[in-house]
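Shared between the two complexes below is subunit A, which has subunit B as its partner in the first and subunit C in the second.
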Partner chain A sequence: MLRLQDVNTFYGDSHILKGISFEVKDGELATLLGRNGAGKSTTLKSIMGIVPPKEGSILFGNEEMVGKRPHQIASLGLGYVPEERAIFPSLSVLENLNLPTKKNRKRLWGLEKIYEYFPVLKERLHHKGSQLSGGEQQMLAIARVLTMDIKLMMLDEPTEGLAPFLVLEIGKILQEIKKSRVVVLLVEQNTRFAINVADKHHIIYEGKIAYRGDNDDFGVDKEIQTRYLGV
Partner chain B sequence: MIDSAMSKKKIITLSSAVLLSLLFPYLTPYTALASEILVFALFAMSYDLVLGYAGMLSFGHAAFFGIGAYTTGIMLVRVYPSVMPALLAGVIVSSLAALFVGYLSIRRSGIYFTMVTLAFAQMFYFTAFKWTGLTGGDDGLQGVPRPSIGPLDLTSEITLYYFILFFVLLSITIGLRVVNSPFGKTLQALRENKDRTMSIGYDVDKFRLIVFIISGFFSGLAGGLYALLLNFVPLSSLYWTTSGEVVVMTIVGGMGTLFGPVLGALGIILLRDIISNFTESWNFIMGLIFMGCVLGFRGGIMSIIRDKLKLNV
Partner chain C sequence: MSAQFIGMQLFNGLILGSVYVLLSLGLSIIFGMLGIINFAHGAFYMLGAYAAYTITSYIFPNFWIAFIFGPIFMGAFGAACEVFFFRRLYKLPPLYVMLFTFGLMMAFQDIIRMIFGSMGVPFNTPESLMGAVNLGFMYYPKYRLFLIIVTALCSLGVWLFLSKTRLGALIRAGTDNSQMVDALGINISRITTLVFGLGIGLAGLAGVLVAPIQNVTHLMGMDFLIDCFVVVVIGGMGSIAGSIIGGLIVGEIIAMGIMVWPPIANTLIYLFMAAFLLVRPRGLFGREAFHD
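And then the complex of A and B:
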């Protein structure tokens, strides 16, 4: 589904991703773990074309993403929920949800299903994005991507700063997204949450993939967790 | 309940604004002043589409205003003395100019965008300055006639006022439709965050270009009406100070509101007219007002009015 091969990305002169290679297959929920500044978010931004890689290849299905612009990549079915509560503060909740406005577009989840899984949004449809709490904004950011016709969803630390019951909610939503046959690539700092939801893990360390493994192995491998993540 | 009360209040506000605009020329010291306010209200409104809604600080909007004015003027003076075709030519040429400038500048953002638009506007200014055969150069384009349209005798100042008012009300209606449409919502989204808007599949540059052209269209219309109003086209209509004025009007009025810039144009032109009776240095006072607005009330006149309306509930 998604295959990165030797991806090198720079911010100006600083070399952030130093040859990242990994693969996420159909039906998988995979994570990118690692300490702050390891290059997790940059990996997502490179896939999305927001920070285009200098070298390497990113295949989505059979199509090369490197060289495409973000809006083209998005319309091929890549959904991206960036790190900072990625909503539009001056638009209402409903306007945020309808923002990908192409008429009669295909949606992964219809609004009814969105309201079922995000009941809090239904109550606040006509509130502006700026009037939502942090947790509600995060829910809205995730919900908005689910209204698009996506095949792969990338989330950048969706649980950051959320109350424990909201983290549980997001876990449930991720499982439901998986049932919709959407591949999920999750960037996380919260290792326990990652182990609870994911099928396999990749650890980025200094711009390279330092570890990859299935959840069954990784979940019990305290040594790896301590070495790279400091848990 | 609240919704219907709000919309009732909106209707009352809107209809009193329209009524006021009908009586307006009888309230100003002279009719041409009211007409000038209308022209700049239209110009500021069209500028607000770019600055307030799309978040692009163009410092070259004099180009579209001036090109609209010159094209309309040249049509009337040198080609065919009929108002509607001349205005039409004005908006077409200014829209094309906006397409040209926009295409080359929207890829840049922030200060670079601003500088590129300024550079293009100055280029048009110097072209008009040098090309005296076509534009009259430094003296401006003299003797723009106001031929009648059927029974409409535009040489009458009051008739011209209502003629201009018609176009301004029409433009505001269209402007409101634009900003409340999905297109308008997308503009606000990309003003707030370009990366996010791209990530949900929008070609941001395309949207920026389209709104730039729409803005160029209405700026050109304002310019064309300005040529009719003055009976000539001043070279200063293309000068960077005109770009600066429209920025000030929009910010003082309250950007991102469409009506705010209309009030900004009203306030600034009225004050300028009054102050310049007493002193040559009205620019100094305008500068103080501008600073006061930016430092004191960021939302401009419109934010004050909104607060007041809410308090009245």
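And then the complex of A and C:
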């Protein structure tokens, strides 16, 4: 589904991703873990074409993403929920949901299903994005991407700053997304949450993948968790 | 001071305000979406007036043809400028783009001076709008009333377009966060061209509208541009409501100033702006985010 091969990305002169390689397969919910500044967000932005890599290859299906513009990458079925959620404050909730171009009339995640899984959004359809709480913004950011009929969803720290009951809610929604055959690539700081929801983990350390493993192995490997994540 | 004189001045303020509104709407949506302060905006307005003059003098001697096609031509011209010039500059620091718009302004002014001379050109009020209307409490020139109504309709149209249509929602989203619009699968560059065309089209419309009541010269955009910055500061950068309210406030302040003591009229708006900057730097409707 998604395969990164030796991806190198720079911010100006500073070398952030130093040859990242990993793969996410159909039906998986995979994570990118690591300390602050390790390059997790930059990896997502490189995939999305927002911070284009200088070297390397990013295959999505059989197509090369490197060299494409973000809107081209998105319309191939990649959804991106950035860390800052990026809700449009001057648009209503409904306008935020309707903004992405819809290719198919019959969608896996139509508005009805969205309202079922995000009841809070249905209540606030005509509120402006600027009036939403942090949790509501996160829900909207996820729902907005789901309306696009995506094949892969990338989320950057969706649980950051949310109350525990909302973190649970996000976990449930992620499972539902996975059930609808959307592959998920999750960037997380919250290791416990990651272990609760994911099948597979990658740890980024100083711009490289330092560890990869299944959830069963990683979940009990306290040594790895302490060494790279300091938990 | 008679009530009629005060009423007259209030309406004259509305005229001035109308022109400010049309110009700052464009200035403001372009700034909001592209982060560019377009110094050439006044020059585009001047080109609008010259487009109207060229159409009525050389192509078809009818004001209404100029009224319809002048703004359309300017909108298309603005869109072309975006595609051929501005698009190349977005990756550079904003200062370069501002310098470019400054150069563009100089170039437009000099080209017009070379073609039409520095004395300006005559422009007649259309016959159907000559004379005055009895408003009950005073007589007011028909053409000026027409200008006020057209501006009101245009502002309403722009507001409806931006707040009720999908394209309008895309433009607002682009103003909020253009990178995210891109990441949601929408080709933002087409919207950018449209916004530029719309903004310049409005400036062109302002130019066409003032041609019969102002001197049409190659420098006519200069003063208005500076005043429009005052409008945008007071109304708030990137805000539609701010452009409309700010434009009318500034127009009325000048008109009232003229009534009290003419030499102080223009100074008043700068004092007002300075006070605004001290008390509420983001303007009436401006968002906090622009000042982060």
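Rule of thumb we're sticking to: the second predicted complex is superposed on the first by the 223 of 231 C-alpha atoms of A that agree within 3 Å, B and C clash if a C-alpha of one lies under 4 Å from a C-alpha of the other, contacts with A are read in each partner's own complex, and residues count from 1 in each chain.
FYI, a residue touches a chain if its C-beta (ideal position, glycine included) is under 8 Å from a C-beta of that chain, and two chains touch if they have at least 3 such contacts.
This structure is a prediction, so every number in the text was calculated from the model and none was measured.
Visitor: After aligning the two structures on subunit A, examine subunit B and subunit C and state clash or fit.
Guide: Aligned on subunit A, subunit C clashes with subunit B.
Visitor: In the superposed arrangement, which partner chain does A:Glu95 touch: subunit B (first), subunit C (second), both, or neither?
Guide: In the superposition, A:Glu95 contacts both subunit B and subunit C.
Visitor: In the overlay, answer first, second, both or neither for which of subunit B and subunit C A:Tyr80 touches.
Guide: A:Tyr80 contacts both subunit B and subunit C.
Visitor: Is A:Met48 touching the first partner subunit B, the second partner subunit C, both, or neither of them?
Guide: Both subunit B and subunit C are touched by A:Met48.
Visitor: Go through subunit A and flag every residue that touches subunit B in one model and subunit C in the other.
Guide: Touching subunit B and subunit C on subunit A: residues 48, 50, 69-71, 74-75, 80, 82, 86, 88-91, 95, 98-101, 144-145, 148.
Visitor: Using the touch definition up top, name the residues of subunit B that touch subunit A in the complex.
Guide: 182, 185-186, 188-189, 192-193, 195-196, 198-204
Visitor: Of all residues in subunit A, which touch subunit B in the complex?
Guide: For this pair, the touching residues of subunit A are 48, 50, 69-71, 74-75, 80, 82, 86, 88-91, 95, 98-101, 144-145, 148.
Visitor: Spell out the residues on subunit C that touch subunit A in their complex, using ranges where they run on.
Guide: Touching subunit A: residues 166, 169-170, 172-173, 175-177, 179-188, 287, 289 of subunit C.
Visitor: Quick check: in the complex, which residue numbers of subunit A touch subunit C?
Guide: Interface residues on subunit A, with respect to subunit C: 48, 50, 69-71, 74-75, 80, 82, 86, 88-91, 95, 98-101, 129, 144-145, 148.
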